[in-house]
């Protein structure tokens, strides 16, 4: 279906704050960006570059005062996500080199510490897509969604211990457990239609049988109708906004709607 | 100023034709993409990727019948282009590695064959920006703009011989002459406000004093108000549409206008 | 088998000459660099970087006087090259994005001008490996190897006309004909065991059925025992030495031998 | 001076173990690889690729039994490391895009948690090279080098707490403190002449005034005569050997010597 998504970010700063945004989704095999708007106010100069994960990043210098960012996307997305229970896990020796990176532990996904837990969840299963599906289900069933229960320092290890968190924590734990069984996994941030309450969302992808599959441990099932904005190893890499200085976020407003009539223009 | 640009391409094919488009401009230090629309009809799957020059490319498979592409951009651009007559040419040993590529001869820019001509144009000048300015002026004054005088096989050597061509030929000759004096030069395709008659346009950039400068050999002077869509070594790299099969282009329609009132949304 | 290759280049310059060498072969699926030596004299500073094709490049500034480069490799190579007559040509829509680049015309390979010739050679053949094999055979049988018959400006079009050339011309024509039928093709420079007379060598690779295959139009058959030093679109990209200034090459000496006894160290 | 370094790794496995080595140093502005040898036994196929940090990686599949890796380098290195007490810290807005990556927290360098400590160390100092020098000195003076006091899960936070570690822990803490004050920092693994006891070594680099500088928090001072083998965000990225399975390391032997007489060949 076609989705309209908007995100508005209102900042206030009292000093000069360099910032990096990651707010230009890219078209890919699963989504087509039909329309994209990106306004900043005041209109300061922006340098756009691509990071090591292929994300388009926007660097600005925010001057003291108010700063507003407003993006709006119209995207054709898939109503469902692919699943292939029979897909074999890819052996490390057969992975494309650019995927190997996603096997390594990272800031919030200490996969090197979670082998026992991962093994206890998937040890009895065949070496297929089923293992990642089981990890997703385990995280969904064992972690309680508690708004405000975590902060920017909370890692997968912390979540495995506290058994509570928000979407990014669910994703981190899912990713860390996948890597612990040698399945490449990466963080995705973006938008999900009919998410309640509406907000930016985070989920993960796992590399199985030669391609990436989508998994969402926060939701009861992994529904479709997602807009991917950025990929990375974990939340350290895919912050949609990174501010290098102190600021107040005065407002953040996210909408995802289905446009009533599709027109070309 | 803020520019609105549109480009509509209508194709008809009688066979399955894979095609690669290069129609997503990127924000950079000289332009900010405020809004971008990209519609294709019928809506076939698109794979987007980045080429070696950093251009966003869209690959589709066109089925027999009609195929329409329509893009629309709102871009904040600069009213003028930078010029720095005193900027020193960069020595090869001091060029950033990713610039060296633009010193090499390419399909339409046989710089290895144009040393004598280049030397005759710039030999008496200091090793500065002036040399490239002189090349631009020479091309502008010595090549006659004759619509239809060249085709897709015409190279800088041909143009130096026939002394006529269209914007892409002017750009190719400018590029080849720059490379012949060890100045990195690249082709740019995009839109120019108030171009007469309105069409897609091509010009070139040269690397001088540590940065790229814009030069347009077709126009009397190098005006501002340009939207860059893609970069490459020459037209072989930066075709906005490459079709791998036979087709009829039924219509191509380009507009560049200044929106009457700037609104945020 | 294991090969020892050496290449010695002796230059003399009367001015400061920046130069870029491309003399570090990389290990890959078809060769393993067991030992590599790279000496320059005088030992001036070297900056090493990777170009867009993945080649390791060495940039130096040669001071007036003598300059010597000496490389020596011990490489494990394959005795034969792969061939798969049944491998299907890959459709453009299924090619990996980084391969598409090798479909485009380039300085010495004007594939856009050679469609008729290519069609006449392969038109009757199935869309498989056979087509490239036929191109290789046609080039081998129709082009006369004449030392000194071409120079650094000779392109595939020239060779198709003059019907004579050296190894780089054979490779350029093979590449251009492949691209003319939408088969990605790239230039390879390196060493070939038992080449007569011994020298640096050039051949080409074509992308068929999802992988690259080796073709040598200069030799009666495409033998194994090759050391790949660099890849590119054509000779403009893969010059093993590019000098930006005037120089005299006083000596160039190449050897490829099979070491009598393989020792570890 | 010229250094000869060797590293021998002897493994024993009872199962098939995919492994990735990172054992090919690259030439750069501070080192020139004059000779390099890389032997493996048994000689299984190797796939070499470049990771996101530019390191050359070697992937192999180790079969049950013994597996030996032996590398040997002759490298021209600098006797000293550069220092520039007056170099200004680079503002985030002026950093080259590929450096920004090294500002982010990573598996072993939780810079987001170490702001207070960093501030207490450097808060009184000018925003120059001095700040990183102070971090290096602080780590060197406050962390005790205790062999065996840490393991593969030990992070900078752990080290800041336990106040003991080995070279990789010293590097991790130095890196994390740099990033905490918005100075890009990366991990380096390699060889250091006259290290006691001789072993592989780890240190860090910080990006100041537009370039990378070398810092070694383990040693009393940051001496020269280093061979860089690989770069990364932290030890997760730059393990010289990553084994995906169980194995026994039977022997690891490292030497760094100055060759008695320099010969060319």
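Here the chain labels run A, B, C and D in written order, and each chain numbers its own residues starting at 1.
What we mean here is this: contacts are C-beta pairs under 8 Å (C-beta built on N, C-alpha and C of every residue); 3 or more make two chains touch, one makes a residue touch a chain.
The model shown is predicted, which means the values in this text are computed figures rather than measured ones.
**Student:** For chain B and chain D, what is the smallest step count along a path of chains that touch one another?
**Tutor:** The fewest touching-chain steps linking chain B to chain D number 2.
**Student:** Can you compute the centre-to-centre distance for chain A and chain D, using the mean CA position of each chain? Integer Å is fine.
**Tutor:** Inter-chain centre distance comes to 30 Å.
**Student:** What's the distance between the Cα centroids of chain A and chain B, rounded to whole Å?
**Tutor:** 36
**Student:** How far is the middle of chain A from the middle of chain C, if each middle is the mean of its Cα atoms, in Å?
**Tutor:** 43
**Student:** Counting only residues that touch at least 2 other chains, which ones in chain D make the list?
**Tutor:** As it turns out, chain D has residues touching two or more other chains at 47, 50.
**Student:** Which label fits the chain touch graph of this model best, line, ring, star, complete or other?
**Tutor:** Chain contacts: single closed ring, each chain with exactly two partners.
**Student:** Write out the stretch or stretches of chain B touching chain C in their complex.
**Tutor:** For this pair, the touching residues of chain B are 18, 20, 47, 49-52, 57, 59, 61, 91-93, 97-98, 100-101, 103-107, 109-110, 112-113, 152-153, 182, 236-237, 244.
**Student:** Across the complex, what residues on chain B touch chain A?
**Tutor:** Chain B residues touching chain A: 26-29, 32-39, 41, 43, 45-48, 50, 54, 56, 58, 70, 72, 74, 76, 264-265.
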